[in-house]
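Quick heads-up: structures coming right below.
Each of the two complexes below includes chain A, the first together with chain B, the second together with chain C.
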Partner chain A sequence: MDKDTIICRCEELSFEEIEEVICLGAESFDDIKRITRCGMGPCQAKICADLVSKMIHEQTGKIYEEIPMPRMRMPVSPISIETLSTNSQHFSTVKSVLDEVELEDGKVR
Partner chain B sequence: METDVLIIGAGPAGLAAAFEAGSRGLDVVMIDESSRLGGQLSQQTQMVSMLPSQYPPMKGFELAKLLINQLHDFPVKILLNHPFIGLYQDGSIGVSDGKNVFPISAKKVIVTTGAAERAIPFLKWTMPGVMTIGAAQTLVNRDFVVPGKKAVIFGSSDFALDVAIQLKQVGVEIEGIIEESTKLTAQNMDKINLIKQASIPIYLNSFIKEVGGNGQVEEVYVQQDQEVKTFHADLVCVDGGRKPITEVFYQLDCSFSYQEKLGGWIPQYNERLQSSQEGVYLGGNAAGISFHGSILLTGIIAGISVCEDLGVLEADEANSLRDSLFKEIKIIESKQDDHLWLERMTHIENFLHPKLKNQFIS
Partner chain C sequence: MNTSYETIIIGGGVIGNSIAYHLSERYREGVLVIDKKYPLSGTSGSTQAWVWVHNKTPSSYAEFSMYSAELYPYLSRKIGDVEYKRTGGLSPFFNEKDRDKAKRLAESYREIGIKIKVLSREEVIEKEPSINPNVAGATFSKIDGNVNPFRLADMYMRAAKKNGIEYSYYNEVIDIQKKNDQFIVFSKNGEYTCKNVILAGGTWSRELGKMVGVHIPVNQVRGQILVTEPLKPFINYTISGMRQANNGEVLIGYSMEEAGFNRSTTLDVMQETANMAMYYIPDLGKAKVVRAFSGIRAVPEDGLPIIGKVPSVENLYVATMHSGITLSPLVGTLMTELLVDGDTSLSIAPYSIERFK
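And now, the complex of A and B:
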């Protein structure tokens, strides 16, 4: 594939940019995401996840079932913060990125 | 909101599951992020192949109508334009109506989120005019928009040929069907003959190298053998196959395994179509990419298992229903592709040995 081919269209990352991160030792989609922002645009990796897995497979020889899926956090599609934050007085907040944060007992998570 | 059964996704599998649960007296709530019922069926004007034996041959949108109509007499509450947002700590499901996010607590959840199309990257594939083959069909049949004047189609599955014919019918000239392998991947001879009758040129051993144009596709460069052929076209439809939509399962902490033939990473399920989360069931393409018949049958099985677990269906009856439905899936899948059925069985056998689980604890 041509080096200039776009892989992540939301964040405009090229084949070459992702290839470089794989050469540095990235083994999963999330590794690449942490370094390049790949998959962090509006589609939330729905389009590029496959293409990146294929690149990892082709460049490292790893079989597909050893290349984990990208982490899919809520919300799975874009939604305004205003919408998301409603009702938060009445219900515990939706399982979110915050479930990786330790909070004090009894506080709404 | 409280209900017996919450169905996420109102496509064929979801509608079939809703009928099973609703017709046995359970309260059903069905949510879908789109504005109409039927999922992808509503824009399928081609005949749908390999339906279960109780259905006569029909077109996709006719099947959608049939599945929707059979719900009329039952307590099925339908919430369109309501996307799934996430999972609350108390186990209820967060759903948005566009203004608010509210929880739906359901005794059982059936997830029938279907499949998404895969992209095929080449130089400048993000240029306006390049779209998936399914997007082209949606534009023509749902939105009544002709997506271009001259099209090049990349891929040659049965579905790609269907859409090529549909595009031709609305006046789009098909400049060529480009296929990377040495023969068409479509299996249906009738469709292949239709393409030949319509004198649509087929280019085997070829692939799209690049598209060019000023702000939108004007030329398509196709590599064939050692030479590059230039097509003048303003539409490129790529057919990269499909994969199950897994985000909802991931959010619900279901475990996954990888099965190539079923579309890659798919949620684990047992022969009851129950996922690794006790209250979560699944069906349709989300349970592995397959034919319309299996999509309906897996949805029905999920519905039956939910009915059994909520006590409105006897275990014996549920078991015998499931047996006969699985036999039908076997007939449908092994007739088309032996490996598909075998991989489905392997996947079910691997239920207790997932490759990916507890993904939120890391």
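And now, the complex of A and C:
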């Protein structure tokens, strides 16, 4: 493949940019993702996942079938916050930062 | 293969890398960073990455965080653009009775010279027009901001490597032994000897401590984050709960759960986070969520960092904490002073592991 070939369309990453991270020791798609943002765009790695696995296989000699797949992240296909929301205004796990400030005898601890 | 080092740093997150980089400014040879995976696979790769000072308690800990925030502009000049932005930080409250708490927080900070304003409803809306108009007020501080955590770790690493620091990835440390004045570090790919060992294993610090018979009391606290599609810039400040990154994505979430090392995302917390998003900024309802991720915080038992020498084992050092993104420039600087000069320019005594005795 040409050095300038785009591997990740959403984040516009070329063959060369991904090759560099593999040279630095990356062994999985997620290693490359965290350094370059490859696969973090709206398509959620649907286009680039296999291309990147092939690159890792070709450059490191690792067995293709053993290269870990990217970790798919919910919701896989984008949905609106509205759809996800339940309209509840009761928060238990999600906190406000001020909730964590504790008072002791009327003073900040 | 070189197997003998002056110093071995176990853990290549922002903390291990900051220490490596700052050490490399003082001595260039004989430092090895070992990671069981690839950089950013720990907590540093799954974080909100606020550089956050205000709301931290006790106020001495806020002061400590402030010194670290102050180092960021200087750090960017040394290692390259880490997309640090001092946006100012806004912690909104929606209930008038929280104003009193906010005022007391501001008071306790005034004593140490950190300025926080307690804003009225109108002032919040003026600063952040898209916020829920039902907001009651907010605390505000100019010193807060955020950074790109991926760039931060990557730049630390590149600068450290350029200065001669060695790295070994996909190389899990399985045991550490002390023989006379030397440590022997046993790893998946071989054995190394060294004089100093620095434990910077984040969430895994407890396990690393066990290898040398030291109790490091850190617990795991999971946090889940929603990431939106890129939106036009419209959130001006780092809001406690969300921030907008340079590429337009909004990172939303401030959740705490005990789930051990389980890094799944769960629908209930995603929904609650979506509720929070719309409660804070109603317009976010229309925004698309591209992904959700979760990370595991390493939270020491009393919430404060554990930094410095481990007195019971000579030449053993530890650096683990929550808020490692905020604290990394300062921790790297102070740990380097401790190793090279034997003392630190700013006291780290309150953060000694001794306090858990």
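FYI, the second predicted complex is superposed on the first by the 86 of 109 C-alpha atoms of A that agree within 3 Å, B and C clash if a C-alpha of one lies under 4 Å from a C-alpha of the other, contacts with A are read in each partner's own complex, and residues count from 1 in each chain.
Criterion: a contact is a pair of C-beta atoms (placed from the backbone, for glycine too) under 8 Å apart; a residue touches a chain by one contact, two chains touch by 3 or more.
Values in this document were obtained by computation on a predicted structure and should not be read as measured data.
Novice: Using the touch definition from the top, say if A:A26 reaches chain B (first), chain C (second), both or neither.
Specialist: It touches chain C, and chain B stays clear.
Novice: Should A:M74 be classified as contacting the first partner (chain B), the second (chain C), both, or neither?
Specialist: Both partners, chain B and chain C.
Novice: Have a look at where A:R34 lands relative to chain B and chain C in the superposition and call it first, second, both or neither.
Specialist: So A:R34 only meets chain C here.
Novice: Is A:L84 touching the first partner chain B, the second partner chain C, both, or neither of them?
Specialist: A:L84: touches chain B and chain C.
Novice: Applying the touch criterion given at the start, work out whether A:P42 contacts chain B, chain C, both or neither, answering first, second, both or neither.
Specialist: Touch status of A:P42: second partner only.
Novice: Where on chain A do chain B and chain C both make contact?
Specialist: 74-75, 79, 84, 86-87, 91-96, 100, 109
Novice: Can you name the residues of chain B that touch chain A in the complex?
Specialist: For chain B paired with chain A, touching residues are 33, 83-90, 92, 94, 96, 98-103, 116, 118-119, 121-123, 125-126, 209-210, 243, 246-248, 250-251, 256-258, 260, 264-265, 355-356, 359-360.
Novice: Across the complex, what residues on chain C touch chain A?
Specialist: Residue list for chain C touching chain A: 37-41, 45, 55, 57-59, 91-93, 98, 101-102, 104-105, 107-108, 139, 150, 154, 167, 169-170, 226, 228-229, 240-241, 253-257, 265, 267-279, 284-293.
Novice: Which residues of chain A touch chain B in the complex?
Specialist: 1-2, 4-7, 9, 15, 46-48, 50-51, 64-65, 68-69, 71-72, 74-77, 79, 83-84, 86-87, 91-96, 99-100, 109
Novice: Applying the document's contact rule, which stretches of chain A touch chain C when the two form their complex?
Specialist: Against chain C, chain A makes touches at 25-28, 30-31, 34-35, 37, 40-42, 44, 73-75, 78-82, 84-89, 91-98, 100-103, 106-109.
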